[in-house]
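As written, the chains take the letters A, B, C and D, and residue 1 is the first residue of each chain.
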């Protein structure tokens, strides 16, 4: 019994940390897909970029860890605006196939660029001393860094929700997700809104990639390898929603960890099966509006 | 009409240019390794060793004989890619030897090709026991996982009772799991749990947590070396297994020499079985290291892949010398079967004429801090270790 | 005269919003019937329920006396229910004749044949060509639809539906987007439609409605306000009330 | 030239359509050292053709066709390595049957959905197969791949050889048969209705077309073609590895197809030929720049040349024709 509880606590803890990372990375994808109807498979590129920026900032520029996180967020957000204006914006009205292929192309490019600059090896993250080791709580040890991820993630989620619920920008985003034509007709500059949302979402992905570099290894095939998990979070959570992906990310993070812990012989099989069943039952996801 | 003729000429030109084959006195070695993907460091270690050997031993070739290395990248554990490259090396480049190969699955996939084409194939890393049994043209200069994991199990059983096994989920992992288990259980130990982990880029934390929760005395692990060894060490450290009194044991892969500097203090006290450590106290090893540092800089560190490739090249050069540059596949194999080198950087080695697999010393090492640097210090030697899988199963 | 299409107490709710409120409606064989009402009255919803694109919340639909309430779109089409769309809904990448031939083929039940080539079905092509000729589109048969003038596209819209040989034809704003000086071409086509088809037209262009329809139903807030001949409708004071402002915006 | 089922266009096989086959036969005699590459190209042409049928003709955006390619490959491989059935024809039949089953079963479930949901479902199904192949080590060999595959001589006569001669002929003949069948399907009323569904599925439903059934049929047929391609790959390589099921390889195939041109049959020929020859020659020397180039090319095609290489050829031809149209008679529709 004692042991079962111990394992449950482990799984819940590590799963939550993983889920937080998944959420921070994927939430931007959910909003941009819901808002702009853009099938952006290249979202993982932003997360990877964040991870590389973190390690570069810390190792080459000598920036302390907290500041490196900020840098990851800001630079990725800025970079994404350039991409959005130059490329994405041309394809808002194009078909799904074109968007899919375009973003796969971006993945290829990002993978190659990452390899050219950083080589093929996984980037080691040299965490500051205060993030290493364990944190004791109720007689159990928890790795300090993952405790930090959970707390940081929770703070970020609260800020994000508060922002979208209470600010003018948030209200505009919600209006545009609900009904774009309507939002346009009441004078919301949707082009600016798209750009800002895209930047925020991509910046968050960069932050998530940086934060999660310990868990999801930063290496060039990152955007391909983890794409399916980001997409699952969005599809299961429901497009355009903030809460949906949060629930989905936590569930998937915990379920994935539980599978690795108890039934490693199944791998991610159960996650995929569950995803399919859920999408067949609710094609628009848990919190999406059903057609 | 005109265009068709032009087309034919074009095709013919392309074909003839591409078909230019090796000149008589050039021995071509097709070398397959991993230069890209997450495991790219492995290919570099191997190729550096091969090139270093060629540079230092050019004078040991018969007069007029040249050796040409045709290197190909399989991008990681992609057996079909490996097989395709081997096929092209044989059919298009007409190589006299195939060499290299990091991954057991690739070596397995290549085996039928070298049998059909009668091309001697020198395995310079892949450690799955079964490989040498798949073709009479395969010779291995690296190691098998049974060679390391079985003595590790025997050694551990003398000191510990409860072991947890965590290995990568592919053939070498399965081999090392079986070998350790046999050694450990025969010696009176008990396996309290096991897990097979994904081969590439896993997050080791959940697996190590599971190991910790099983409360073993030791965790035995095999993972394909390189950066992953740092990752698993970090997970072991972050979860406080050492603090909880759990010992980390494994094959040498979990404490690859070149990654040791990145691991911090986590590997202190880890005990591993392996056939090579840069800390090995032998004149041949010292000379090898000196040459390596001279060529690639003081910071560059060779590892067991480098040594196996270095020795593999020595075997190939021996065969070339004894045949005076005219390579006959069957004669080559006959020569290689009796290849011996008492002065390899890893100690005395020989090819077992029965199995074409390597016989070498296995060292039980403990990771310690020596002069401020982490090092795998040899604490026990098991001389003339064979591939125990073949010994136990009567395979050749 | 017999009733070919009938709804009984048809309702549709989206959450708290009622867009169809117990609609009882009858369409006679060979009728020229118009459904009008202000924007948001629920006309398109009503048509979508008739065709089976939307499932009603409650109520029944009868086609030729048969209860089709739960049948799929396809089943209703096979029983003789055709529709056109308010916004052109055509096959833009195909030639005009292929647009129509697809529908002919489906009606004849050979649209899914796998082996013989489509062009070997000369009868399908001939029928499509004849239909196009009857609408004055013979010249344009081989033109890619996307390159066709908008007004003609509206006619193709009707041609595709006619190819289904419907007993009942639902025309959803056939003149939408066509400049008013050209609506007469649409009207000519409508006037020439076979007399035996029962037609329900939804239209904002009141000139067209009053010139074409023999009977008019007014829908307001999802419910039937009034039904009668054009003269009766024109004379009813409630209509003016509903439409005041509506026609001037 | 676009090849679409049409009620007014002739389905006759044009002269230029024989060119690929001529080249295929010529390559055998002129490029004997490149036959294994050639066989691989032929396999990928077939695979691309199957994807073109669903993506290009039926307009189903799928990222999961590797499920069928992989299933075909594994079915043939497992049959040989684990069951001991070495006859290539029998292996092929089992591969086709299993892909038909999987295609029909999954298609019936997922083709009701669209957009992201459909994309996700196709991806997840392929991911499940990958995970099964990865974990069911005793049957599939897991990450080690499935080796020990032997393929008996075709009809007991033609042995699969080191140089890939037999494999090349086998691939060429099978591709020819599949091309012929696919072409007939595309030119049939069924093929025309697929294009109708791609252009406007709502309208197709409103003219009484059984849209889901048509899509399911197309999906299943395409799954079978992909299965044939997979089985061929196994027989020519005598090895099956996990990457036949990977998302990267599915993505790579889409790249080849879009490079050639989607929805025009011969895009599926041109794409893999150009891509794989370029890869054979360039990727070895410049692996990093190779994928960079592919990415840039893909983005450029999507932004500027949606029709791929064949689309560009069309434009050039149309331009040239317009130049002399005063003399040329009727222009092909």
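We adopt the following convention: a contact is a pair of C-beta atoms (placed from the backbone, for glycine too) under 8 Å apart; a residue touches a chain by one contact, two chains touch by 3 or more.
Since we're looking at a predicted model, the values are computed, not measured.
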Chain whose Cα mean lies nearest the overall Cα mean: D
Centroid comparison with chain D (C-alpha atoms), farthest chain: C
Centroid distance [mean C-alpha coordinates] between chain D and chain B, Å: 38
Approximate Å spacing (C-alpha centroids) for the pair chain B, chain C: 74
Between chain D and chain C, distance of the C-alpha-averaged centres to the nearest whole Å: 41
Residues of chain C engaged with two or more neighbouring chains: none
Per-residue multi-chain contacts in chain A, two or more chains: 115, 221, 265, 267
Shared interface positions of chain D, touching two or more other chains: 134-135, 287-288
Residue ranges of chain D in contact with chain B within the complex: 26-27, 30-34, 36-37, 40, 134-135, 137, 141-145, 147, 162-164, 237-241, 243-244, 284, 287-288
Contacting residues of chain B [partner chain A, same complex]: 36-41, 195-198, 201, 203, 205-207, 209-210, 213, 226-228, 230-231, 238-240, 243, 262
Contact footprint of chain A on chain D as seen in their complex: 55, 59, 61, 63, 109-110, 112-113, 115-117, 119-121, 123-125, 127-128, 131-132, 134-135, 247-248, 251, 254-255, 258, 262, 287-292, 294-299, 301-303, 306
List of chain C residues in touch with chain D within their complex: 51, 53, 73-74, 77-78, 83, 85, 89-95, 97-98, 101-103, 105-107, 110-121, 124-125, 128, 141-142, 144, 160-161, 163-164
Complex interface listing, chain B residues touching chain D: 7-8, 11-12, 14-15, 18-19, 35-36, 72-73, 75, 77-81, 83-84, 87-88, 90-92, 104-105, 108-109, 111-113, 116-117, 169-171, 174, 199
